[in-house]
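Have a look at this one.
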Amino acid sequence: MSGAVGRPVDRVDGHAKVTGGARYTAEIALPGLAYAAIVGAGVPSGRVVTIDAAPARAASGVLAVLTHENLPKVAARPRLLPSLLGAPAPGQSFFPMQDEVVHYFGQPVAVVVAESHEQAQYAASLVEVAYARTPSVTTIDEGRGGAYEAERLFGGLMPGREERGDAETALAEAEVRLDLSYRFAANNHNTLEPPATTAVWEEGRLTLYDSTMGIRASQLTVAQLLGLPLSDVRVVTHFVGGGFGAKAMTWPHVTLAAMAARHVGRPVRLALTRPQTYTSHGHREEQEHELSLGATRDGRVTALRHHKLSITSPFDDWAEPATGVSSQLYACDHYQGVHRLIRGNTMTPTFTRGPGETVGVFVLETAMDELAHELGIDPVELRLRNRAATDPRGNPWSSDGLADCLRLGAERFGWHGRDPGTRARRDGDWLIGTGMAAAAYPVAFFMPAQRARARVYEDGGAVVQAGTQEFGTGMLTVATQVAADALGLPMEAVRFEAGDTDLPNTSAAVGSAGSGMVSAAVHAAATALRDQLVALAVADRGSPLYGADPAAVNVREGRMLLRDRPETGEAYGELMRRNRLADAEATGSWSPPPLDTPHGLLTFGAQFAEVAVDPELGLVRVRRMLGVFAPGRVLNPKLARSQLTGGMLWGLGQALLEGNRMDPRHGRWGAANLGEYLVAVNADVPEITAEFVEVADDVVPLGIKGVGEIGQVGAAAAIANAVFHATGRRIRELPLAAELVMDPPGTPA
Amino acid sequence: MRPLAYARVSTVEEAVETVTAAPGSAFLAGGTTEVDLIRLGIARPGLLVDINDLPLTGVEDLPGGGLLIGALARMSDVARAPEVAGRYPGVSRALLLGASQQLRNMASMGGNLCQRVRCAYFRDGLSPCNKREPGTGCSALDGLNRGHAILGTSEHCIATHPSDVAVALAAFDAVVRTSGPGGARRIPIDDFYLLPGDTPERENPLAHGELITAIELPPAGIARRSIYLKFRDRESYEFALVSVCAALSVRDGIVAEARLALGGVGTKPWRARHAEARLTGAPATAESYAAAAAAELAGAAVRRHNAFKVELARRAIVRGLTLAARGGAR
Amino acid sequence: MGIDLSAEAAPRRRTTVRGPSDEPVVLTVNGTEHAVNLEPRVSLLDALRDRLALTGSKKGCDQGTCGACTVWVDGRRVLACLTLAITCEGRQVTTIEGLTTDGELHPMQRAFIEHDAFQCGYCTPGQIMSAVALIEEGNAGTDQDIAEFMSGNLCRCAAYPGIRAAIRDVRDARAPEPGATGDGG
């Protein structure tokens, strides 16, 4: 019988999720629970002149109203660092309600705590706040004059500029040159579960139930903000209703919940309302890109200059890094990537699925489509011609697969024989077009050591633990598969437990790194435990395996067997009972390769899409999508496909529907609910296929490169390229709204 | 949500009396607009009078082939009622293209007629809004107004009327029956919806305590081949950028009778009478349809982000009339 | 039921005004009567989640825009967030917790697992309550119908293709092939 890894097994938490038994954070029932509601600032900039909390305090059921006047000061202001790093990870370096200054609309100015949810929400509406408003900047257009080049990004982790060769000169000398400008509306994650935190204090120790992609990040951040020892802060999460980056960092409401609970001396639940999610954690920022591309007439890219301009908060230099792929995907000696920023009155933007690169790749891959069209070269062939055999430093890729993804995708999609002419296919009112894009996403390795623990009981059952969390990626399932195989047990005998900082420490599961790093730690722990038990057996005179070479012992279905003579062996339980062991336990850890590992680190893929465009009405409907990906080892193809197709459909939303704009007069989002911020519904979604190209990789953990982001990267570009093919109209703006897509009056059919 | 008192009533008379007697009260039917707006703090009744037990759920024949639709009939039930789907397919289709099945199962026909606008400035409870707080100004005029109306606007309000079915009802001269403190009355649907003008806070002529009891659909043979097309960014579960209810009666290539109403572009469900007048007696050709569309849209007033809707509506009208002339099959 | 405007249709009674503070309310959920004290402003969704510990129905928006709170009232799928609990007196409420009989999963629940028709799981109870009702309504005939009539349930993980596949499976298992005999499943 083959192992569990690599098989399309059902989710281990499937039963809990389909029965309603899975408990999410706002569903934790606690005796004496009180409910908190945030009052958000009604202006984007200025200061609070007065807060009249008396009507709220007088409302029925109200326990407390906290404002900057009575909220204790935080103990520290941790630096903004990505949660993967394993350090405190506030979403922004600013913490609210420390003084009267307002930096962004929706910034918490009061927190109301009451006996019931209804009472808290209503009392929050009774808090009267008077503001002295000052001028605000919330759009690129308003702040363009004050743009500056970012020296460092990601809390200082990454340079804002990347340069090699001489892009200016190479562009000036290029046989073909494209100078293209792009605009992108902001995006909001809209996890279906709004973030929530429940805080409980017992004898000075804090337990937080938090809807987070990183319990460890919540623990570290809240401990530092409140000046608590880490051992006094425990963070628990059972199920998380979607992450997508929204819950990758620890935003102020988490700590505010803890402060509110301490103030009223009772457990407090703080669940954000849907509109508050738009102003309680970051977003994908409004941005503009400029791409200049130089090439030879035979389609060799010679120079790329990729500049991004985006708007950040008053406190942090944050831009999604958008040039990690455009600087590496194609062999090109002359490259310049620059991030420029505008300080505005918004929260600090944050990771949003496929952070940075999903936009950067849109720019690169629609530009490549323009180049292909201009030169009359097939778009797939153009990618193959330019693909980089090594990273820009000359290091080999840890694993590649791009060419195979492109070729297999073209074959499966039926790309060959495509008429490159635009407006060439019609179906009734619809013009039909096809498009493709290459996809790549960086593999991130800046996490600390990841740890896990494995325990086998004498009855043959196992519990494996790691302080990670389940937010839809299938972490509980794949970790169970990995543990079962490493222990030589059937999956049913293994329970994987997560979601508690008292368990062995892992980092936030972000940047597509989660399944790889946690699986590697689980694998290490389970392997250590198996080795420990095998070592015990071969040293035990009572064991049939006594004296055997441990390397000659296999474990299957909980039995340790001689590889050559499988009839010789015994079960874990027999060994343990004989040795009076109720259980056996081991820990394991995995550390990433050094940051200067001599390898290029990208995950590759290829995206194909067919669209129907109603050119009169500007409507775009996607008819089919195909993605081919090379994410290294696939632990569970069923779950990996779900995540990849989910990412591709995020690309569909990004291309066609998703966009938010600030009203600069009021300094707030135009859309702050799911009726106006449009995400794809069932009827928008075509049948969709994700395929794999197998690549072996011995640099990344267990050969796993991750599937969280790569599905989205390039999908929007493939759709936009298909829209061009259908209509002949090149739109360098997302989303592709009807008014952009519809033919201008007088367009010939 | 603000505190609420609640009463359940079992007759129309009791409903009318109860609401009339309590100044801060409102009827509660499906609740899909009312509960949402109370939670947002936009609607502020102190007492909700639950009318869901009233016997107003039927769909009945009227003499001559018309229909009487009970005010508490649910959208989903009306949509699939054979009389409606057979005699007024445009009405049925408009119902099915509105909201989601869950909302259609909840929302009553009377409540649908009374639904409030989806303008974000109206709903946010913060922005100046003449509809919410008369005299404070209209934030949409110079704000984010992509979804806003181009027909029937005023300098005080440009919010789009959100209903789909009301558009189809407008096309077929529906009449709203009410019962109120002053007795019963019948209000033609065109009079039921008020243009914003100087009083955008007033959307219909209902008096406090006046209850919609039924909707009459007069006999209209032309409606049997009516169509309803809805165009929007998302394929489903979204309000219209533009929608068209159309029915044409064509004899010997000449339009004998035309019905046309528009959604998504007007401050009220927009009966396109200029276009109908232009169509009647004209050849049933794309040119006539385009001329009719142009006539209707001549009065369009656009703002910064919604200017595209004029061209979009023009094309949608031509599309709708072309389809209607072919007999309505999709 | 017809349209009856006559005042005599029901005996006159004194209208009882309840609230705004707590009122005793009996809610029948999944066949069980629950006596609770509720303010009239409490939504069915909050009553289920916070008062009855039936947290399978999810709060995604509280605005009628996501479908995560889909439950059945008198057998029809509705949104619990826009339904006031007190209006459900005398009506039958069914939630995801009531779909399982004696611990046995409903075929739709099994099909969702098999087709991996979810990731984070937050929209899943609402999707399943909608999906079962969809078939009952007769709106699952074609893929296009399924997609349209399931569009009131957002899935941010975008498991829509799996959701449609699960619904197709259950629909096809229920409807025997034309001419087929047997117990009909």
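Note that the chains are named A, B and C in the order they appear, and that numbering of residues resets to 1 at the start of each chain.
The definition used in the following text is that contacts are C-beta pairs under 8 Å (C-beta built on N, C-alpha and C of every residue); 3 or more make two chains touch, one makes a residue touch a chain.
The UniProt protein names, listed by chain, are A = Xanthine dehydrogenase YagR molybdenum-binding subunit; B = Xanthine dehydrogenase YagS FAD-binding subunit; C = Xanthine dehydrogenase YagT iron-sulfur-binding subunit.
Since this is a predicted model, take the numbers as computed values, not measurements.
J.: Using C-alpha centres only, name the chain that sits farthest from subunit B.
T.: Following the centroid criterion, the farthest chain would be A.
J.: What are the two chains with the most C-beta pairs touching?
T.: If you count contacting C-beta pairs, the leading pair is A-C.
J.: Could you put a whole-Å number on the gap between the CA centroids of subunit B and subunit C?
T.: Roughly 27 Å, centre to centre.
J.: How many angstrom between the C-alpha centroids of subunit C and subunit A?
T.: 31
J.: Which integer distance in Å separates the CA centroid of subunit A from that of subunit B?
T.: Subunit A and subunit B have C-alpha centres separated by 42 Å.
J.: What are the residue numbers in subunit C that touch two or more other chains?
T.: As it turns out, subunit C has residues touching two or more other chains at 21, 39, 41, 62-63, 147-148, 151-153.
J.: Where in subunit A do residues touch two or more other chains at once?
T.: Touching at least two other chains: 60, 118, 675, 680-683.
J.: Can you list every residue of subunit B that touches 2 or more other chains, as numbers and ranges?
T.: Each of 1-3, 235-237 in subunit B touches at least two other chains.
J.: If you look only at subunit A, which of its residues touch subunit B in the complex?
T.: It comes out as residues 42, 60, 118, 121-122, 125, 429, 616-619, 621, 656-657, 661, 663, 665-666, 668, 670-672, 675-676, 678, 680-684, 737-739, 742, 745.
J.: Could you list, by residue number, the parts of subunit B that touch subunit C in their complex?
T.: Residues 1-14, 17-18, 28, 31-32, 35-36, 38-39, 46-48, 50, 52, 55-58, 60, 68, 70, 76, 99-103, 105-106, 179, 184, 213-214, 235-237.
J.: Along subunit C, where are the residues that touch subunit B in the complex?
T.: Subunit C residues touching subunit B: 1-5, 7, 9-10, 12-13, 15-21, 23, 39-41, 43, 62-64, 67, 70, 76-79, 81-84, 86-87, 89, 130, 133-134, 137, 139, 147-149, 151-153.
J.: Which subunit B residues qualify as touching subunit A in the complex?
T.: 1-3, 41, 118, 120, 124, 126-127, 139, 142-144, 146, 231, 233-239, 241, 308, 311-312, 315-316, 319
J.: Can you tell me which positions in subunit A touch subunit C when the two form their complex?
T.: 10-11, 13-24, 26-27, 29, 60, 116-118, 189-194, 239-244, 271, 273-274, 471-474, 638-639, 641-643, 645-646, 649-650, 653, 673-675, 679-683, 685, 687-688
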